[in-house]
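The following pair of complexes shares a single chain, chain A, combined with chain B in the former and chain C in the latter.
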Partner chain A sequence: MIASDLKAMTPVMPADIAAKAAARMGDAVTMDEDGALVVEAAKLPALVRLLRDEHHLNYLSNLTCVDWPDRFETVYHLCSMQGGGQVTVKVAADKARPIVPSLTSIFPGADLQEREVWDMYGVRFAGHPNLRRILMWEGFAGHPMRKDWREAYYEQDQKPLKSRWPNGEFFFGEDTLSNWADNIKYPTGYAAEGLIDEGRADNNIAVIDAAALKLNPDIQGDHVIVNMGPQHPSTHGVFQMRLTLDGETVMDLQPVMGYMHRNHEKIGERNLWLGNMPFTDRLDYLAQLGNEWGYALTVEKMMEVAVPERAEYIRVIMAELTRVQSHMWGITFLLNDIGAFFTPMMYAIEERELILDLFEMTTGSRLMCNYMRFGGVAYDLPPEFMPMARTLVYDRLEKAVDEMDSYLTNNEIVRERMQGVGILPPEMAISYSTSGPVLRASGVPYDVRRAEPYGIYDRFDWDVVTRPEGDIFARYMVRLGEIRESLKILKQALAQIPEGPIMGGKKAWQIRVPAGQHYGRVENPRGELGFYLVSTGESNPYRYHVRSPCFVNLTALAEMSKGHKVADVVAILGSIDIVLGEVDR
Partner chain B sequence: MNPDLTPTIWILLEAVVKGAIVIGALLTGFAYSTWFERKVIARMQVRLGPNKAGPAGLLLPAADGLKLFFKENIIPRAVDKGIFFLAPLISMTVAVLAFAVIPVGDPTEVPWREGLLQLGIADFDVALLYLLGVTSFAVYGIALAGWASNNKFALIGGLRAGAQMISYELAMGLSILGVVMIVGSLSLHEIVVWQKAHVWLVLLQPLGFVIYVITAIAETNRAPFDMPEAEQELIAGYHTEYTGMRFALFFQAEYIAMLTVCALAAALFLGGYSLPGVELPWFGDLAVFLGKVIAGMFVFVWIRATMPRLRYDQLMDFGWKVLLPLSIINVVATAVGLALYQNGVFG
Partner chain C sequence: MAITQPLPLLTPEQMAEGKTGENGLLVGTLEMAVNWARTQSMWPALFGLACCAIEMMHTQTSRMDMSRFGMELMRASPRQSDLIIVAGRLSRKMAPVIRRIYDQMPEPKWVISMGDCASCGGIFNNYALVQGVDEIIPVDVYVAGCPPRPEALMHGILQLHEKVKLEHLDGWRDRKGGYGLRVG
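After this line comes the complex of A and B, so read on.
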């Protein structure tokens, strides 16, 4: 089903709303030079409620924090499902005791994002139901995104590490008694070795008392807690789900992540502006060019660089090819998760390889493309690109999609497993800040390409694909439909692409970005990818935040999974289609 | 030596030799079933499949076996050791035992003894009953492995296996009952001989055959009914904690069980070792039998390569609410048809 256009609705005007809201709230709210609303901590929930209920800003797009010398500043980006830009809300928190009211009661989608801010900055969110570390482990001391936190090795005063070279002698880390090397600090009172207690009586006890959990008063028996992952064939990487099972029924689910955390954002703040371009490839490595576009777009906005026509078309072509190959991968891995023994996947990968061939001939790399630049792209399309791209787009991919559709969609077992499982109602999908196919499968026709068009998407004729059901099957169908829509855009772009330069502005080795901040977002295959960048005019970003669609979509996983069977949880996770490179960052 | 006992000793010796041959054949069959499966699935997935170890990868099973022999046998600290050791042995023993009653050819004359030599270890009047009885022991191996491993995934796998096998055994037994009613014997050899004389039973029992095939897949825990070891959900299910040769024993048991149900399908519904209207020498019988088993194995592999897995509760629903009533209907219809036939209604 192709749903109604967003064009019909009136997009909200962020500047108007901000001004109106500031007027309503009186002294508690001021506007800063970027048009953001700065609010006192205590008035934050009231302001956000006002924005949500009276100005249709019902979508918490992004939530993050900046460590300024004199304050912590939590930043919220609110959007409307009717389209248009975002309203930025900022709250200053005390440096010594940073406490900000939690938004989880207004937007449940703030849950994981607030936990991330607590983990990285140590800002407490009053009223958050489960404020624990999320990306770092429990035994980690300090909050690594704070500017005064020194990263071991890279930022220590004396290199190499003192612990490795006590008297100028070297020794192997393995030879030390502790499993946990000396360059890790623990919080006070934390005993890492105490985690494994050989003598403890309940070490091997697999069941817990149901009554103690109080999940369901009617059930008298025992519940089993199963740690699904991080080493598990279908958690798509090192993701962990802590399931509380009653028989095979899931009573509770807690996502545990961070096993692949490398503090992308911290490294991003140390890198030069351009140095982050190849680094974004490593986020969602199945949507490499989409990530690059998101970053380039944000920095271009801050630098006010214009992108030449041809480069815009190349970007659209690359991003849509990325979407096609990513969705092919996503759909067939979902099939894998429900037990199809790799057969659909192999056929989809065949097509994907051909698309990667196009990337390789243009950018020199299949996965880590490093192709976009601020103001254009790095290389022009090689002469053999066009014939091959045309053959793929016009002849081959369409048939491949139709083939997948005809063999998979009406398979009895596929339907049995997917329909009516993991339902996410539209209101919930919005309040949980989900995005991408997960949101559109719940019947919400929201696509950043249409809601706040970037690049040249407003020139093409295409539809936002939605399904009303909100179950796994709907997500599958939305992805299938989006491949077709992408092919539609690709056909137009390939036909219209003009000749001309591929880079705007003058060539600069060292890029200077004027002081300021911007939240730029693109529609990646997995949802809304946002970059919140803050520049102080230095050669590297002061703040480099990635709003990862996979990470935020996982907020709704527990809600979707409760009451279903173990086998369904795997399928639901597959339908969110996470990439751990982006979840853990 | 008491001369009266000599024939008995000869018979015993014969049985031992036949047993050794069957076990050897089954182990080889297992090894090449894995090769066959990989090769066929690869072709279905636009891949080449094994092609490095020997011509067309034919030495791969040997390499696999060698590797598994030299693997470290890890015994987790918290397992129930006795049962942990016993479980794979139960699975393997049961799988091999079941094959004892399968006839692979017509009784044939041999120079070293009087009378005819049975091709097949044993043929007795309750062979089918024995076979059903023995195969239902297979669930013990799996359920005990799941329990003894002290691993939650293994435990869930073992529980699933228990529930699944019990519920599918019923429908399976009932689907076979039609055959027994028509032939009037539980001896597999006689069932084959009856089909040789009349017609393949798949034509008289189409519904029974379909139910048998479905339940056979469920009985052997193969896709799309492979819940006890569902990789995407339970990692490896009941054999998650097993390594090396112990793991291989479970693997062997599964493939030998597949061979057995294929052989049984051939014997019960597809004329066994016979071809209609053709009288073959003993090696011809054997070749026909093998051909039918390989065709059955191909169906197993084909289904695995093309079907997603059902969910556990859907599988149970299907077993109890669809297959069981259908097999009962089949039995009743067969009985009615048989009564009408014997009273000359069909002329």
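After this line comes the complex of A and C, so read on.
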């Protein structure tokens, strides 16, 4: 089903709302030069409630923190499901004892994002139910994103591993060091045994009985905690799910991540502005060109560079090809998870290889393209691109989608495994800040390309695909529909693409971004990818934050999984379609 | 049919003849036969870390078709596999896990470090990542690239085959410094 989408709705005007809310709240709220609302910590929940209930800003798009020399500043970006831009709310926290009220009671989607801020910056969120480290391990000393945290290996006086060949003899690092090397300082009085606390419900080792978890008292027998992952074929990489089971039924689920964490954001603050471009490829490595576009778009907004027509078309073509190949991968991996092992993948990857060929002939690389630049793209399309792209888009891919549809959609096993499993009601999908196919499969017609059009998406004729059911099958159908919509956009873009230059602005080896900040977002195959960038006019970003759709979508995983069997959890995780490079960053 | 007379010892010339298979039989060492068998059905562990895992999966699918080399089975359990392709960056949080997976694999076992991150840290050179998987487990073949193309991975696998063909039957553990003996 394709719903009539956001065309009829009136998008909210962030500037008006901010002014109105500031007037209502009195002295507690002021507006800064960027139009953001700066609020006292104690009044934050009241302001956010006001924005949510009276101004339809019911979607917490992004939550992060900036370490300024005199304060920590937590930043919230709120959007409306009616479309339009976002309202920024900022709260200053004391440098010595940073405490900010938690928003988890208003927006449950803040859960994992607040844990990340605690882990990386050490800002405490009062009232958060489970404020523990999320990307680093328990026992890690310090908060790495703080500006005064000295990075081991790079900023310490002596390298912990001087040579792996001290006397011409090879040795393994593990023999001389602990697994985490001596990069780690344990707090005084730290004991590993202390982590095993019999009374704690989130304990990962002890077997916990029903009473301790305050679960259904009628259920007799022990609940068993099972760790799925990080090495497990169903987890799409190195993701861990800590399941509390009653027999085969899932009573509780906790996502554990960080097994691929490399602190992309810290590297981003060290790099030059353009130097971050190849790193964005490695975020969501199934949607390389989408990530690049998100970053390029945000910096272009800050620099106020115009992009030439031809480059805009090339970007749309590349982003939509990325979406097609990514959704094909996503669908077939979901089928892998429900038991159709590898056969659907063989079909989908055949098509995917052809799209990767297009990327390779244009950018020089299959996966890590490093193609977009601020103000355009790096290279023009080669002459053989257009004939091959036309053949693919007009003839081949459509047939491939129809073939997939005819083989899979009405398959009895597929229906049995997918329908009615992992249901996410629309209100919950919004309050948990889910995005992309997960949100649209719950019947919410929200797509950044339509809600806050970027590039030239407002010129094309296409629909936002939604399904009302909110189960796994709906997510599968939304992805299938989105491939078709992408092909529709691609046909128009390939027909309309003009000749002309591919780079705008003036040529510069080293770009300067004016001081300021911007939250830019694009609709990636997995949802809303946001970049929150702060510039102080230096040659590198002062703050570089990535709002990862997979990471935020995982917040709702526990709610979707409760009450289902273990085998269904695998399928539910597959239907979110996570990419660990982006979850852990 | 019972053999009534003892088989005569073969002269070098006859042995050379035997190697060509003209007499219907092949002569070689047991080592050669075992190593040949090992290279022709090497089962990799189904283990992907990051971007390189995508290229690793491309290597298995129709265009590249890794099963030409007897490798179509990726085993989800390390206990059933004898090759681990470390495809992607290895964080310090993941390092104890990968060591455990390696220890769980039965011997003999081999390791391919796929891509720059696994080989030397790649572009992610900071505190959160292990700068090369060889700090944790012994690596047999390094494949360069970020990520390596599927062809490059297949080249790495064929290099490993060449290496395995030269191995001796005994003393496997000693050559690896007794590392196989550890239990995780």
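Throughout what follows, the second predicted complex is superposed on the first by the 545 of 585 C-alpha atoms of A that agree within 3 Å, B and C clash if a C-alpha of one lies under 4 Å from a C-alpha of the other, contacts with A are read in each partner's own complex, and residues count from 1 in each chain.
Note that in this section contacts are C-beta pairs under 8 Å (C-beta built on N, C-alpha and C of every residue); 3 or more make two chains touch, one makes a residue touch a chain.
Bear in mind the structure is a predicted one, so any value in this text is a computation, not a measurement.
Once the two complexes are laid over each other on the shared chain, residue contacts for A:V224 go to chain B alone; chain C is not touched. Look at A:P233: by the touch rule set out above, it reaches both chain B and chain C. Contacts of A:E384 after superposition on the shared chain: neither chain B nor chain C is touched. Once the two complexes are overlaid on the shared chain, A:D337 sits against chain B while remaining clear of chain C.
Looking at the shared chain after the overlay, A:E350 reaches both chain B and chain C. Touch criterion met: A:V570 reaches chain B, while chain C stays clear of it.
Of the two partner chains placed by superposition, A:D458 touches none, neither chain B nor chain C. Partner contacting the larger number of chain A residues, of chain B and chain C: C.
In the superposition on chain A, A:G258 makes contact with chain C only, while chain B stays out of contact range.
Once the two complexes are laid over each other on the shared chain, residue contacts for A:P144 go to chain C alone; chain B is not touched. Across the two superposed structures, the residue set of chain A contacted by chain B and also by chain C is 232-233, 342, 346, 350. For chain A in complex with chain B, the touching residues are 204, 206, 224, 226, 232-234, 248, 335-343, 346-347, 350, 411, 413-414, 416-417, 565-568, 570. Against chain A, the residues of chain B that register as touching in their complex are 41, 44-47, 78, 150, 152-153, 155-156, 223-224, 226-227, 230-235, 304-314. Against chain C, in their complex, chain A makes its touches with residues 136-137, 144, 151-154, 161, 164, 172-174, 179-181, 183, 230-233, 237-238, 258-263, 266-267, 278-279, 282, 285-286, 342, 345-346, 349-350, 353, 366-368, 580-581, 584. Chain C contributes residues 46-51, 53-55, 57-58, 60-63, 76, 78, 88-89, 91-97, 99, 101, 123-131, 134-138, 146-147, 149, 179 to its touches with chain A in the complex.
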